[in-house]
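Have a look at this one.
By letter and in written order, the chains are A, B, C and D; residue numbering begins at 1 in each of them.
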Amino acid sequence: MPKNYIARRIAKEFKDGMYVNLGIGIPTESANYIPEGTRVFLQTENGGLMFGPKPKRGESNPDIANAGAEPITMLPGGAVFDVATSFAMIRGGHIDMTVVGALEVDEAGNIASWKIPGKLLTGMGGAMDLLYGCKRVIVAMTHTDKHGNPKIRKKCTLPLTAAGVVDMIITDKAVFRVDKDGLYLEELAPGVTAAEIEQLTEGTILNIIEWEHIEIT
Amino acid sequence: MAVQITTAEAVKKIVDQSSVMIGGFLGAAVPLKMIDEIAAAGVKDLTVISIGAGYRGGGVDVGKLVVNHQIIKYVTSHVGTDPNLIKQIVGEEVELELSPMGTFVERVRAGGAGLGAVVTPVGMGTEVEAMAQKITVDGKPYLLFKPIRADVAVIKAYRADPLGNLQYQGMSNTNPIMATAADIVIAEVDEIVEIGEIACEQIGTPGIFVDYIVKGHSYEARKVIYEEMWIATNKL
Amino acid sequence: MPKNYIARRIAKEFKDGMYVNLGIGIPTESANYIPEGTRVFLQTENGGLMFGPKPKRGESNPDIANAGAEPITMLPGGAVFDVATSFAMIRGGHIDMTVVGALEVDEAGNIASWKIPGKLLTGMGGAMDLLYGCKRVIVAMTHTDKHGNPKIRKKCTLPLTAAGVVDMIITDKAVFRVDKDGLYLEELAPGVTAAEIEQLTEGTILNIIEWEHIEIT
Amino acid sequence: MAVQITTAEAVKKIVDQSSVMIGGFLGAAVPLKMIDEIAAAGVKDLTVISIGAGYRGGGVDVGKLVVNHQIIKYVTSHVGTDPNLIKQIVGEEVELELSPMGTFVERVRAGGAGLGAVVTPVGMGTEVEAMAQKITVDGKPYLLFKPIRADVAVIKAYRADPLGNLQYQGMSNTNPIMATAADIVIAEVDEIVEIGEIACEQIGTPGIFVDYIVKGHSYEARKVIYEEMWIATNKL
């Protein structure tokens, strides 16, 4: 398995001129692999568009930060605004794509990512707005949990973050398109077989034979 | 029209059981000095309204009031960054009122803009349905949320003039929205400049919304505070 | 009757530090009589606060205009913004006072000013927002119409612009406070008698004897 | 991300029966060149959405499309300034959809912000009640209005950069709101500058909302146009 495989696979979804909001963790990491010559405009829900890497020490600005209040820089042509504008942008369907992590996804495109009853209490933050409003939703996650249990379910067991919104699932083992009727296996990671995916996926795979390996470099 | 007062005078506007909106975003662009004053004043049973708990790890931003056990109710969209707060919520010391972040923002905006409710599709098909009223418009289902207002809003801007006109730099985030939605609005700024020095297009919050201006840390001092926090947490 | 009596009487309602929206005509004219030393911040619903007089020829700015798209200037400390902010300001109760003209006002504080069925079609513009949202509503108008009929009615006959919102009526003949229970005559214009006002007013005057003359210079 | 095209190319986005939002306020800060192009193109049966008819007297702003009989429906808050338009409304050539100005603005904002409705107290107790759905929130009566969107929004800003970031000067009025609420957004500007020349805080409409940028009159030419109009009408 190539290093940072998921992040690098996400980056293949970036198209020139796209406005994208990336969730924390692996999705954010995918920005490091944006193809040369492809302009991707990153949005941050606290009120910025076209932000760049973190600044050097001594060059940070206390009021230029990402949604985790961590220091970032603004690129030339970048814009700042308030959160009412930011969420109008998000909820109003102006952002081309969001990539987020998840605890579970199911064959109906439902996603659970914000709460484990009795265990994880964080609040949904901006996740529900992003999942509802962005034109395209990609979930990036490990194929199974740490016990090896499938995270792609027939039906999510955890409280949903949004219903019927997921367009694509990228895991360390495979890529699925999520269509109205269910899951389509589109790619396998290097060395992974379709049979293995079928075994590690609880949701029904509609096209078990039509996958392909694609090269991630 | 605003009046300039000290942070010590300003904090007296907040009493036990006040509802207090605090501007900023998870610790960024928050009114640092006023939060310190509220913590020092020790007022109790506050209903605190802010978009999310402070910087990761707790003890910063509203986290200072958490450590001090000054909060009885927290109205927000996210508490995941503050383990102390989560503990108080689980222990039923603090009541939690959640809405999705964009909905939270619109609820505050509605509170300031004289609108009766927020009607949004976000949260349909999730537990959020139980937090709102369901409504159908044009055959489509939506959730209806009530506006949010506070007794006092404490916000952060870059500069002010003596009329209370505020200029922001960088992400103004929740500050301009919260400036509209409280009975008393206190703006903490890095600097107070002459009338006319902030051009009409640079004014992010007109003085009409602001009751009191207080002088916070200078920009340079604030930069040091944030750089230290970011270096300590490996973010810079 | 002193020249511009109504406008000059309106100006007595301005208090230092007030944010005010003035309707076109006589209300706007009242800005010429703001007392020395009293700072009144004028709002215009197209998105400006603290505007000043019209500019000189050659010094106008095509994007600095009032709600009638007529040229104005911005005073130092003035602010410009979009109409969403402007009407949030208006409807949200942030403006201390509005002064408007009217076709009719009644003893319940109702006002009719935007429509004469079959005759006057203009649309309500921002009038309903202003009347609903401003903390204090003053109606400034002639006491009677051009046929000498009372414009202060028991009940408005024309379509309302807003219900139960009027706090004060200033006419060329008198000033009324409009309270929850009805009309209180507070002042008489020079040379006007209470009996005359009673005759020219359809609404019931609750305190017909407690008026006073006040000096307008 | 926006693309720069000519006004002649831009006007082709508007066809017979299109719904078209036009930015500005009663003639001020309107996209003058694009309106001329729409008039010249002669497209018919347009649903035009703007906050109020043009400058007093008619023939300016949307007034040009009125004179040309290009409008079949007008969605607005005020028509009092354009006698030609009033005639066409009374003659049932143009259908009129009115809402109070602040409500009109919120309806457009809701259309762009993905909100399901506007809930406002303005208009209660008036004929406006018949234009909306009544709703009770917290025991208080409100009017519920549906969002407004258009096929094409034609707006006016001061400057743009090649990414479509827009800067306003003076009153931006309806332009930033309408920039969010149409399938295709065309921004007419005085000037197009390099990327980075408009600072991040000066951007009133980020390029994400803008599809096409067209070069309008220069600022100086526009100043002359407005001064002539104002002098002719005794306002300057």
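Heads up, the rule we're going with is that a residue touches a chain if its C-beta (ideal position, glycine included) is under 8 Å from a C-beta of that chain, and two chains touch if they have at least 3 such contacts.
Listed by chain with UniProt protein names: A, C = Butyrate--acetoacetate CoA-transferase subunit B; B, D = Acetate CoA-transferase subunit alpha.
Since the model is a prediction, treat every value here as computed from it, not as a measurement.
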Common touching chains of subunit B and subunit A: D
Computed distance of Cα centres, subunit D from subunit A, in Å: 36
Centroid spacing, where centroids are CA-atom means, of subunit B and subunit D in whole angstrom: 33
CA centroid of subunit C to CA centroid of subunit D, Å: 28
Where subunit A touches two or more other chains, by residue: 48, 74, 80-81, 87, 90-91, 132-133
Per-residue overlap in subunit D, given as positions that touch at least 2 other chains: 106, 109, 113-115, 120-122, 168-170, 200-201
Chain-to-chain touches, reported pairwise for every pair that qualifies: A-B, A-D, B-C, B-D, C-D
Subunit C - residues contacting subunit D, complex: 44-48, 54-55, 57-58, 60-65, 67-71, 74, 80-84, 87, 90-91, 110, 115, 121-129, 132-133, 159-164
In the complex, subunit D residues that touch subunit A: 1, 109, 112-115, 161, 163, 165, 180, 195-196, 200-201, 203, 206-209
Subunit B residues within the subunit D interface of the complex: 106, 110, 114-122, 135, 137-138, 140, 142, 144, 146, 168-170, 200-202
Residue ranges of subunit B touching subunit A (in the complex, touch as defined): 25-29, 51-52, 54-56, 76-81, 86, 89-90, 96, 98, 100-103, 105-106, 109, 120-128, 158, 168-177, 204, 219, 222-223, 225-227, 230-231, 235-236
Subunit D contact footprint on subunit A (complex, rising order): 17, 19, 39, 41, 43, 48-50, 74, 76-81, 87-95, 132-133
